[in-house]
Each structure stands twice: as structure tokens, then as C-alpha cells.
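All chains are identified by letter, namely A, B, C and D, in their written order; residue positions are counted from 1 within each chain.
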Amino acid sequence: MERTFRLVMACPDRVGIVAKVTTFLATYNGWITEASHHADPANGWFYMRNEVKASSLPFDIDSFRMAFEPIAKEFKMHWHIADTDQPKRIVLMASKESHCLADLLHRWQARELDGEVVAVISNHNDLRRMVEWYEIPFHHVPVNPADKAPAFAEVEKLIEEYQTDVVVLARYMQILPPALCHTQAGRIINIHHSFLPSFAGAKPYHQAYQRGVKLIGATCHYVTEDLDEGPIIEQDVIRVNHSDTIEDMVRLGKDVERQVLARGLRYHLQDRVIVHQNKTVVFG
Amino acid sequence: MERTFRLVMACPDRVGIVAKVTTFLATYNGWITEASHHADPANGWFYMRNEVKASSLPFDIDSFRMAFEPIAKEFKMHWHIADTDQPKRIVLMASKESHCLADLLHRWQARELDGEVVAVISNHNDLRRMVEWYEIPFHHVPVNPADKAPAFAEVEKLIEEYQTDVVVLARYMQILPPALCHTQAGRIINIHHSFLPSFAGAKPYHQAYQRGVKLIGATCHYVTEDLDEGPIIEQDVIRVNHSDTIEDMVRLGKDVERQVLARGLRYHLQDRVIVHQNKTVVFG
Amino acid sequence: MERTFRLVMACPDRVGIVAKVTTFLATYNGWITEASHHADPANGWFYMRNEVKASSLPFDIDSFRMAFEPIAKEFKMHWHIADTDQPKRIVLMASKESHCLADLLHRWQARELDGEVVAVISNHNDLRRMVEWYEIPFHHVPVNPADKAPAFAEVEKLIEEYQTDVVVLARYMQILPPALCHTQAGRIINIHHSFLPSFAGAKPYHQAYQRGVKLIGATCHYVTEDLDEGPIIEQDVIRVNHSDTIEDMVRLGKDVERQVLARGLRYHLQDRVIVHQNKTVVFG
Amino acid sequence: MERTFRLVMACPDRVGIVAKVTTFLATYNGWITEASHHADPANGWFYMRNEVKASSLPFDIDSFRMAFEPIAKEFKMHWHIADTDQPKRIVLMASKESHCLADLLHRWQARELDGEVVAVISNHNDLRRMVEWYEIPFHHVPVNPADKAPAFAEVEKLIEEYQTDVVVLARYMQILPPALCHTQAGRIINIHHSFLPSFAGAKPYHQAYQRGVKLIGATCHYVTEDLDEGPIIEQDVIRVNHSDTIEDMVRLGKDVERQVLARGLRYHLQDRVIVHQNKTVVFG
């Protein structure tokens, strides 16, 4: 893959934004390989993502940032620029269930993920052998139900030490403390094993079975202080019927969870997701 | 289509049910064209549907019923038998939105539905011309918000007069009174424009838009006294994204509503649905 | 819906295209409501569609065209501009099967299609009553198998008389003569009842049944001289299994055909489709 | 999972088959946990699968076989009975691509597959380390393009030595010799990376890209002497668009391949597939 810079922005909509930004790029001979726009008439905001060949530009990412800053100010942009040569550093968190973790590790090894898995943290030791096969550090941080604070302090320390860009809860099964959610806002991705907002909370497949739904699903979302209420990145479903037991639903659901999490994470790693007012723009 | 009898039953599971029933059928030379079974280990019940060529049997449906009665008693069956030569009589109820009604009428005319549309009832006059094109009686029964009872009394009277087997709320938009739900239990089918239990109640597409879900859906269910809580017959979803406005969702959702309602109704008309403890077995 | 101009173009890719076009638009204060880009690294082409509020521009579509012409020349663009106040004129062609025609007419009446259905042409009279209910002219042009030329001459004449922008073969079941395909290239849309390139030609559901596939599909494509080989606009599938007869496949397939045709036509009517080298870019 | 016997049969349809079989089972107090029937009016055949609690029967599988034999003869059945306590022995064959193999091994370890993976054979050594992590024997059998016979003789020997019940070509990328296909008819399962019959043969994603299809798929089928022409067990598709390169299709296709192969294999391992006249009945 050729090295690119990804310029991602959101700002109040008005005439001339695209002209200004693309003229800026063209002035420096920037070759746009992919461009996505979204103007939301409901809230009056404009969102844009441009992917530009790094080799076509006369400067590195810091000079780009400086040169672009005045335009960003003029339009009151929330923005960032990412360099594909600096892949995001990913910390995976898991518990005992292996399906999501195994899937992400395999995709990472197969170079399907634009990021670097730098560590795995788990409250159990069950998945250590699998993680170490991939030659990735595995940290066992048990969570004491009576006093969870020390464990999460340790988790937070690890996140910092690894200079983590994104934390993925690959069926971690523990609720993160609000402070951590707050500090890492927009940088923690969770997979919930239901089609939210249906069946939030515990044991969603049991809830789905009780209600007799004909499809079960999974939701990939950013973690916020409100459990299962964060901005949704991706969702999908699979058909079930009366003959499926809860165990069948758990098994069928795994395939959906795996894929929804992998797709959602991929969008995030490629800077395709913009969060605004608890919703996402996903330039898929 | 060759005439068949459909023998549908549910009973506590035990050894020998299928043997007894199919030996009964074989004794009379009954040719089974389709058979479906479901044994539910969670509640210990057994469900079965057999479709038998009428011409292969030496008796009509009443004699069949009498001959089968002792077996049904022995196994404590909830059961019924249906004759495809007596198609179910359908009353459609609609409001102003035409998409579900138009779809069902077209399918009925194209002989896709195993039933007879005998009348349409609406609280508005908007769809009269369309209904009358199909040469089906159209009854305008306006609902006075201050006193709905007379309207529903009229509706109930029409349902009786038409010897209705099944009432379909094709986006009727009015909540039926509990007494009517009770009398017609298992005989009123509704289409709700969300993937229940998400977004029950009013304006589900607005709710979906606010939550930022990535799929919207529709649910076909039997009407009970508890609004949007009845046994689910069929559901489906369609993908949406950040660029879809509420109006887009409404438009996209129509296609899902139409199809989910048509499929759910088809299952009901073919005696493929067994309701048990607020859930359905659907022998699709 | 607010009036917009849709500027659609394809040209060899190079630096500065977006900058030039959007600066042009910004110069005249043009408010972009939707923008889509695609740069194809495989063939080195660039495709763009911009939707601009008409009220934000100081000129009508002809002046726009004149003002933009020099830019188009500079970049060797294939381009056109469309005005939503001049909806495309649609001629539907059908045979005896009603499902696609009924669906499109209903969508048109419900204002789901950005176009005007100006006439229906059929080689049979069966659907006349339905078409006339919508107060649309119905032309019965029977096709003599021994000499089809006069019928197609009549069809061509009608297409011209109605100043047709797009012809939709809504299960027309006749092969159009090469000359007509050529004259109307990119303006005739067909629905084929299979997932092309599988089961091209006659009786695709029979072919699908024989092969024992587990999904059946439909394909919406532009008509070219090579039967079933034109650029594909949209496709979809539905699940079938061993218990589905050919008749079941025909019935299930209708739902897919309807939707695929409606979606494909919608893309075309909204100028979202660019044809290039027998493939399409669809800015959906 | 409770131990069951699976009785699977196909025979010319006539009155009394189900009665005879289920009366046989009931006579011995056999508790049916799952039953599936299919009567095919097109070819006049009848197919049935019964799953019976082993503990409810007074005999082992051999006595069952002997006791049932006269009934099977009477109805000219093609039949077999399987014991869930004797899981099928699976040999996986792969090449360099890891996604299908990794997926099946993970599912096997997670006890999602009703079978025992006894060995992996590959024409390359790349996946050895992964396989050995699962403590499964890995056999490297290189194929000499100038003379493939010795390699396939070795493969055949291994299949025999491992007392293999089913061979799975998990992207093996080599064409098996006709003799081996013949000997192992109905016991070799392949995953083809297209929605057959579209894009049979080599490089299906390249073919799909050239044709500009809007969905790509995968097909799980039994291997016969006619390449890509064997009975189809399962298929699925995923949406693509103009922005997807061949590399994107390869990546997206992997998810479909994995799932279609896993589902198809699962059906086979649970004795849910009956092959008849190059088509399958799948009691899913």
C-alpha cells in the first residue's frame, strides 16, 4: 500500500469548504486517492475525509499540519491528519471467550488491519498461550470484584505505557470505570452481542431467546460512561428460528460479533469514523 | 395447487406421537406432501404440521376431525385442521399510507396469498379508489379521538359480518381496544416499522435516526393487549448510514415492511405458525 | 425537495480536478449538498458527482453549462449536468407479468422515483387496465414473431414522440434490435431475473433449479447489443433451498426483481450512475 | 450434547414411509429429538432425517442397523445411520492461504464442529506452525507440476491411513485427480471463491472485477470429476462496489469463504446433507 495522509474534518457547513481544502491540496500538488463528503442538513454540519499520496506532497505530516492550521481555524474545524506510515497502536482486551480475539489476531497477522497489535490484556489467563503464539505480550490483570480499582489502575497504566491509540474490548466482559471511559473517549471500541438498542446489558442472547426474535445481531460502538449507549460504528444481524436454542444463538452470534467488530475496527483504524453528538459518520 | 388438509398440533412431548399420527394417516392411505416437526427441549413441547393430499383420503375434513379427535385427546394436543379449499377470509385495515395495502392487494390478485381478501376497513377515505379498483368492499370507519368506542364497535361488527379469519393491520396506525385484541387473539397480524423490541411505540424511524443505528427493520407480529409485545412471526432489516435522513429511512423501511408483512401473513395463511407462550414456531 | 443541479463527470485522473471544479462552484457561491468522488487506480480515471443548490447559483442550467465548458475541456471530461426541476421522462415496457410494472407505478405515484412516467408500451393488452388506473397512456404494440421490425419501428417512434429520457424494460421479455440498443445506449434499463453472469438467457429460474443453487438473484443493467452482457447497475439475491420448486423460485424472485429494478432505476434517475468500459460507478 | 443416532434416508415416495419408520422407532421407545422430511414432487423422491436419543433405545447402532434393514429394503431406501459418539474423522487440505484453515481449526477447538480433525495435508510448508500449535499432525506433500501422480498417491494413502470420513479442501488450490474424486465421492468438500456457476475456474475475483458485479460470493460443494460442477451444499454473498479493487474483493471474499465452508461442513458433519442427482437436500 502506498503511503498516504488522511485529512479528516468536521465543521459547520458553508459555501467554499471543499474549494478551499482541495485548492490547498492542489497548490502543493497533492494527489487525492480517495475523498468522502457528507453534509448533514439536519444539524448543519459538514464532514470530509481526504486521502492524499504522501509522495505527491512536498512536506511531512508536521509541516502539513502547520500549513493547514489557518484553514482549519477559518472554518472552525474539528480535524486531524493521520499518516499511514504510523499505524495505530492497538491494545486488545479479552476475557475467556476466544472468538473475537482469535479473529482479530489472525486478521492482524494476515495484514488485514491497518494497525499494530501491541499488547493483550485479560482478566483471565486462558488465552495467554494463543496470544503468545503470535509473539504479542500478554498481561494478566485479574479483577477483584470486591475492589476493581487496582485492576483498572493497572489497565490504565498499561494503556499509557504502550502509547496506545485504540483499545478494543474483544468480549472483555467487564465494565470500565467512568473515568477511564472519559479519558479515552473515542478511543475505546466495544463489541456488544446484540443489535442495540435491543437487549442492552447482560446476557443478550438469553433476552433474545425469551422475546422470540427472528434475527440476532451485534453492535460495534465507542465506549462511553453510559453502558451500551455509545456512538454506534457498525451493526449486523443473522437469522435464527424457533429451533435455535440459546446455545445455537451464542454460536451463530459469534460469527456476527467477529465480523462486526473487525469491520468497525477497520473503519476506525483507517480514520473513516467521525463522532458527532453521539452518532457516527462512517466513510466506509 | 392440489387440495390438501393441513393438520397442525402442539402437545407435551413424549415417545410415539409421530408414529401414532402418521400411522393414523397411513391407515387411511393419506399422502403426506410436507411434514415439519419441532421438539423444544427447553419447555418439553412438541409441534407438528402435516400437509396431506385431500384426494388421497377417504373422507372430508369433518370426518377427518372426528376420526382424529381420540388421538388428539390422548396426547393432550392443541390442534386444528385446515382445508386449502376453504381459503382464510382476510380483512385488511389501513390508514393513509398505501405501501403495505397496495402490496398485499397486488399479491392477492397475483394469487400469491393463500386467502381471500374480503374487505378493507380504513379510518380515512384516501385509499378507497385503489381498493375499489380491485373490486373489494371498502369501509370508511372514522375514529373520533374523543370517543373511539363507536368506531371499534363498528370495526368489530364488520369483522363478524365478513366471517373474518384473519385481520391484517397494514399500517392502520390506531391502537385496538384490549377487548378486541382478546376476542381475536392469534387472528390479528400487525406490521411494526422497527426491529422489535427496539423502538417500540410511536415514530420508530425518528427513534432509529436519533440513536444512529446502522440497520433499520420491521416486525410482523400477532396483536395482543400489550402494544408491540405480541408473538413475533417475522422480522427483517435493511442497511442505512449517516447520509440517510429520516425521510430516507421511511422510504427504505417501506420495502422491509411490505416484505416482512407479506411473508408473515403468508406463513399464517398456510397454517405454518404455532403460538406458544408468547413465541412462535414458524414452519417456513 | 429543494431544486438542485447535478454535475456528473468522468475524466483521466490528475492533480487539481476537484480543486478546479469546487473553486468554480465556490466562485459562484454554489452550495454543495452532496459530493461523491472515485479515483480508479486500475484504469487511471476519475469520477465525480456534485449536487448543488440551484438557488445558491446566479445562473440557470444553460449558463452553468457554458461557464463550465472550458473546465470540462481542459480536463477532457465526459460530463453532463441535470436539473431536478426537469425530471427524466420514463417509458416503461412490459409484457404480461405485472409485478415490476405495478411496483414502479406505485413508487412513481408515491413520489419515490425522481422521474415522470410518461407512457407504458406492451406487446400484450393484459396490463392496460392497471396502467390506465394511473392515468398513464398505454400503447399496445404486438410483436409478430415472423417479422418483428414493424413493432420495433413503432416502439422507436413512440420513444421519440414521448421525448423519452430512459426506457425501462420491466420484464418486457422481448429482445430489442441491435440498432435500437445502439441509439439508446445508456438509456435502456433491463431487469434480468438471475444473478448475472449466472443463468443468462432464457428461463433463469429453471436453470437455477437444475443447478441446485442456494441463492437466486436479479440483475439491473443497461441494455447493449450483447444480450445480458451490459453494464450492471445493481444486483441482489434471496435464499432458497431444496424445498423450493421452480414456482416458488419465480415467486420469491419477484420480490428481488422488483427491488433491484427500483433501486437501479432510482440511481439512474438521480444521475448516480456513470458507465465506463462496460462497468458502472454507482454513487449510491 | 446428549448422544443420538441419526437415521438418514432417501427413497421413492409413497404412502406410509413415515408411519413405518416412526412406528419402528416408537416400538423400541425411541425418542425423536429432531425430524426433517422432504417430498420432492418433481422427481417423486422422499428424504428423511431423524435424530433419536441413543439412551432411549434398547440397542447399539449395529443392532439398530440390523433391525431397520428389512424396512429399508421394503422401501428401496438409500440410507445410513450415524452415531454422535463416533464423530467423523476430518482431514483438512490447504495450500498457503490460512484464512479457511485457521477458521476451521479455531471452530474445531471451540467445539463448534461435530467432528475430529485428525490431520492436515498441504502442498506447502507455510501453515505447519499454525497447525502444530493445535497439536494436529501436519503432512507436507509437495505437488510436482510435471508429475502430480506421486503426490496424489501419497495423499490417498494418508486419507486411508487416517481412516478419514471427510476431506475438506480449505483453499487447497490443486485439482484432485478424477480417480480420487470418484473413490471419495460425497466425502470431499471444497470451497470455491465465487457464487457458482458464475466464475468457475481460476481467479474468480479477477473475473468478478472484470464483469463489474455488485455482489461476490462463495460456494461450498462436493467435489466431483467435473471441476466446480459438484452438488452445492451452501452459498453466500457479500456486497461490493466500484471502489473495491481486486485486493478488496479477495479480502472481503475471505469472510464469505470462511463462513460458507464452516456452515457447509457443519451440515455434512451432522448428516444433514443428502446428495441426489447432483443436487443436495440440506436439512439445516
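Note that in this section contacts are C-beta pairs under 8 Å (C-beta built on N, C-alpha and C of every residue); 3 or more make two chains touch, one makes a residue touch a chain.
Predicted model, so just to flag it, every value in this text is computed and none were measured.
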item: Pair of chains joined by more contacts [C-beta pairs], B-D or B-C; value: B-D
item: Furthest chain, CA centroid comparison against chain A; value: B
item: Approximate Å spacing (C-alpha centroids) for the pair chain B, chain D; value: 37
item: Shared-contact residues (touching 2 or more other chains) in chain C; value: 34, 41, 243
item: Chain B to chain C touching residues, read off their complex; value: 34, 98-99, 102, 106, 110, 112, 133, 243, 251, 255, 259
item: Sites on chain B touched by chain A in the complex; value: 38, 40-42, 195-199, 211-215, 217, 231-237, 241-243, 245, 278-282, 284
item: Residues on chain C engaged by chain A in the complex (per definition of touch); value: 15-16, 18-20, 22-23, 25-27, 29-37, 39, 41, 56
